[in-house]
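Chain lettering (A, B, C and D) follows the sequence in which the chains are written, and residue indices restart at 1 in each chain.
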Amino acid sequence: MSSKYKLLKEECYEANMQLNALNLVVYTFGNVSAVDRENGVFAIKPSGVAYEVLKPEDIVIVDFDNNIIEGAMRPSSDTKTHAYLYKNWAEIGGIAHTHATYSVAWAQSQLDIPIFGTTHADHLTADIPCAPPMRDDLIEGNYEHNTGIQILECFKDKQLSYKEVEMILIGNHGPFAWGKNAAKAVYNSKVLEVVAEMAYLTRQINPNAPRLKDSLIKKHYERKHGANSYYGQ
Amino acid sequence: MSSKYKLLKEECYEANMQLNALNLVVYTFGNVSAVDRENGVFAIKPSGVAYEVLKPEDIVIVDFDNNIIEGAMRPSSDTKTHAYLYKNWAEIGGIAHTHATYSVAWAQSQLDIPIFGTTHADHLTADIPCAPPMRDDLIEGNYEHNTGIQILECFKDKQLSYKEVEMILIGNHGPFAWGKNAAKAVYNSKVLEVVAEMAYLTRQINPNAPRLKDSLIKKHYERKHGANSYYGQ
Amino acid sequence: MSSKYKLLKEECYEANMQLNALNLVVYTFGNVSAVDRENGVFAIKPSGVAYEVLKPEDIVIVDFDNNIIEGAMRPSSDTKTHAYLYKNWAEIGGIAHTHATYSVAWAQSQLDIPIFGTTHADHLTADIPCAPPMRDDLIEGNYEHNTGIQILECFKDKQLSYKEVEMILIGNHGPFAWGKNAAKAVYNSKVLEVVAEMAYLTRQINPNAPRLKDSLIKKHYERKHGANSYYGQ
Amino acid sequence: MSSKYKLLKEECYEANMQLNALNLVVYTFGNVSAVDRENGVFAIKPSGVAYEVLKPEDIVIVDFDNNIIEGAMRPSSDTKTHAYLYKNWAEIGGIAHTHATYSVAWAQSQLDIPIFGTTHADHLTADIPCAPPMRDDLIEGNYEHNTGIQILECFKDKQLSYKEVEMILIGNHGPFAWGKNAAKAVYNSKVLEVVAEMAYLTRQINPNAPRLKDSLIKKHYERKHGANSYYGQ
């Protein structure tokens, strides 16, 4: 196989396998994509294929208007959501969607995840947003495309930037996360799940636990992401 | 061993081992069966045999009146429940019973599992039914046979179809799940356990979390199961 | 090494390793013993030795008056409790003590574990007893010996038989379980932990969940343990 | 590489890998250091390096004033906290910091972990202290250095000895633990996580669960740590 998208498919394949290795999915309840901005396409997991049998060459190449460019299989049923986000958010390189347990539980609760500590603040300074359940007129239309609309509307309503907040919960559904590439999108999915579990436990222990105070939010975020960041190599 | 049921036993064996691999059982707290409609028999796990030592040839062949057709061991103590379901529900091919943790917890709570999100709606559009504890007159009779009666009565009372709702909780006991074959019955047992955990967490986070709205229930189910389904290959 | 207790030590060693394999202990927070009634001795884990380095020949042989009969190492700090139980309960062959998570949580809650379902009833017909915290006069005395006294007092107060109820929680401490041999004691420790988790979840889901009704308790227990039992081979 | 700190780096490396093996960290959310008192330096994990690729020679050697003595990589972003503790607490040999789930949940709850049972009392006789969130004037200054100050202030306020209480929660952040060497610091981090989970469950089961009574606290601690201790070899 001498596809020009060989590397892109491999990036996408590895990221999907990570989803499984990190216990973020059971069966086929998740998918990751990786974009190639130059060619205006992205690679995405085929629909309903088990991780145990998935191979790099099964990955499907799709453009931002949902045309299949390369691949013998049907792409993930969530493909249109990915396409919509790539089309509208020019600086993301990968997207991951899961049904991870604690992330879904918060999504089903229809509540934002409050920022309770520095594990959260090391990654984003806002509560993790939970989009309200989709409006009926959107459900009856082009559902997965409209999930993309739902995500952008939520970010607009809450005045969030997709470059700073790289994750969202869709009410009654589950999480989407993104980042500079597919691996980072998976990383953000895992961070979201860890933070979701910690926030759940925090409220069980102390229903009146306060949000992290602003001075600490700012400090921890700048430590990792500010102009003078000093985390990592 | 040149049994005419060799393939059936192997299907049954593999499904039982999956139960273990998916963390749905400890020790021998579970069993799966696979039916052969043509010959009017089913294969089922022998009673009380540990998964570490279970072999395909240990699987017992039983008919729908609970006569042992082939096998040196005593079949699962729940055999009569399986037989009753196969006899009455002509289109199921496999049945699984477990004592998986979250499924049992809901069964012990004697509550239906509310449909809170799309993970649930991707598989069924109803709350997962919990049959009330068995009536005393049934307990004193043919207990496992009567568990079958209890399941059918619950489906009748709640006006459910076994083709659409492939799982149930028996109050104070635990889950049964079924499907077109043994592997699908195990799959449904895992889905039930995952959905049970998510619903538990949802209510802990938000005791007032609403059921999924009808428009979304319908959409997600049709995406996978409707005439125009577009999930999978 | 040609010890006459070679087989006894191996039984004890295997049971201790099972404790670890079943996720019932971290570090050295647990111990199992196996009795040799003919010689009036039992084999027990040495104190504070990690499972990764434990060897069969490290197991210590002790008599019912806590004299070391064979072995170069100091026996478990809980040895006197084991000795007291073997001395007073003539028909047990093995004892296991753990700090398994859910068992300890109930012990710290100082509550009996209510019988909520058939997973519990398949093993015992009573609530799992939780002994009240030790009286101060007993604590100041021979502590581990007195833990044995505490266990027998609790069984007397609650009118329980050690042959029917093979497990107990010590208030503020943790579980002890026993059985016909060391492997059965470990099995009962795992059953207790599973039942403890299910009961915890049940009460979280439904704080008013009723105890299993008497007719079902009786039925399930007799299925496995009655004169006409029909579970297992 | 013939560094004079070769053994120190290996001790530090092994302890960091243990953190991962004991499920106390995801990704790079933790770090362990090991001190060399004679040379007035300590070895610490480099910042942001994944456990899968970490090698003993990557470990960085730092003195108590945060000067890098040896190593090509940037040390952990928490290095100044480690340095401050080593400088002020003359008798500790290792420090571990994690974002372990239950420990963080209590830290985010801003509550001390009550001593509910003997698992806790076997290790320390006090509630596990939770330092209040850092004062704003400290946050704006030298943050990680000031985390050290925050820890010492909390121990002074609560009149605790670092030799008896080898662990703390930093409000809104997470746990630090220490001990005679790096392995013991990791051990204490695991004990803290186990005790944190048990205490969480205890309060869920019985919100009125009482603290362990003083006589039992004293007894269990002396069993392991008193002049006449009789635990271990």
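Convention: contacts are C-beta pairs under 8 Å (C-beta built on N, C-alpha and C of every residue); 3 or more make two chains touch, one makes a residue touch a chain.
Everything numeric here is computed off the predicted structure, so don't read it as measured data.
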Trace the shortest chain of touching neighbours from chain B to chain D and give its length in steps.
2
Sorted by label, the chains bordering both chain B and chain C are none
Of the other chains, whose C-alpha centre is the longest way from the centre of chain B?
D
Per the centroid of Cα atoms for each chain, what is the distance between chain A and chain D, given in Å?
33
Just give me the whole-number Å value for how far the CA centre of chain A lies from that of chain C.
46
Using the touch rule from the top of the page, what residues of chain D touch 2 or more other chains?
204
Chain contact topology under the given definition, line, ring, star, complete or other?
ring
Report the residues of chain B in contact with chain C in the complex, numbered from low to high.
26-27, 29, 46-49, 73-74, 77, 99, 101-102, 104-111, 133-134, 136, 139-140, 143, 172-174, 200, 203-204
Residue positions on chain A within touch of chain D in the complex are 116-119, 187, 190-191, 194, 197-199, 201-202, 204-206, 209-210, 212-213, 215-216, 219, 223, 230-233
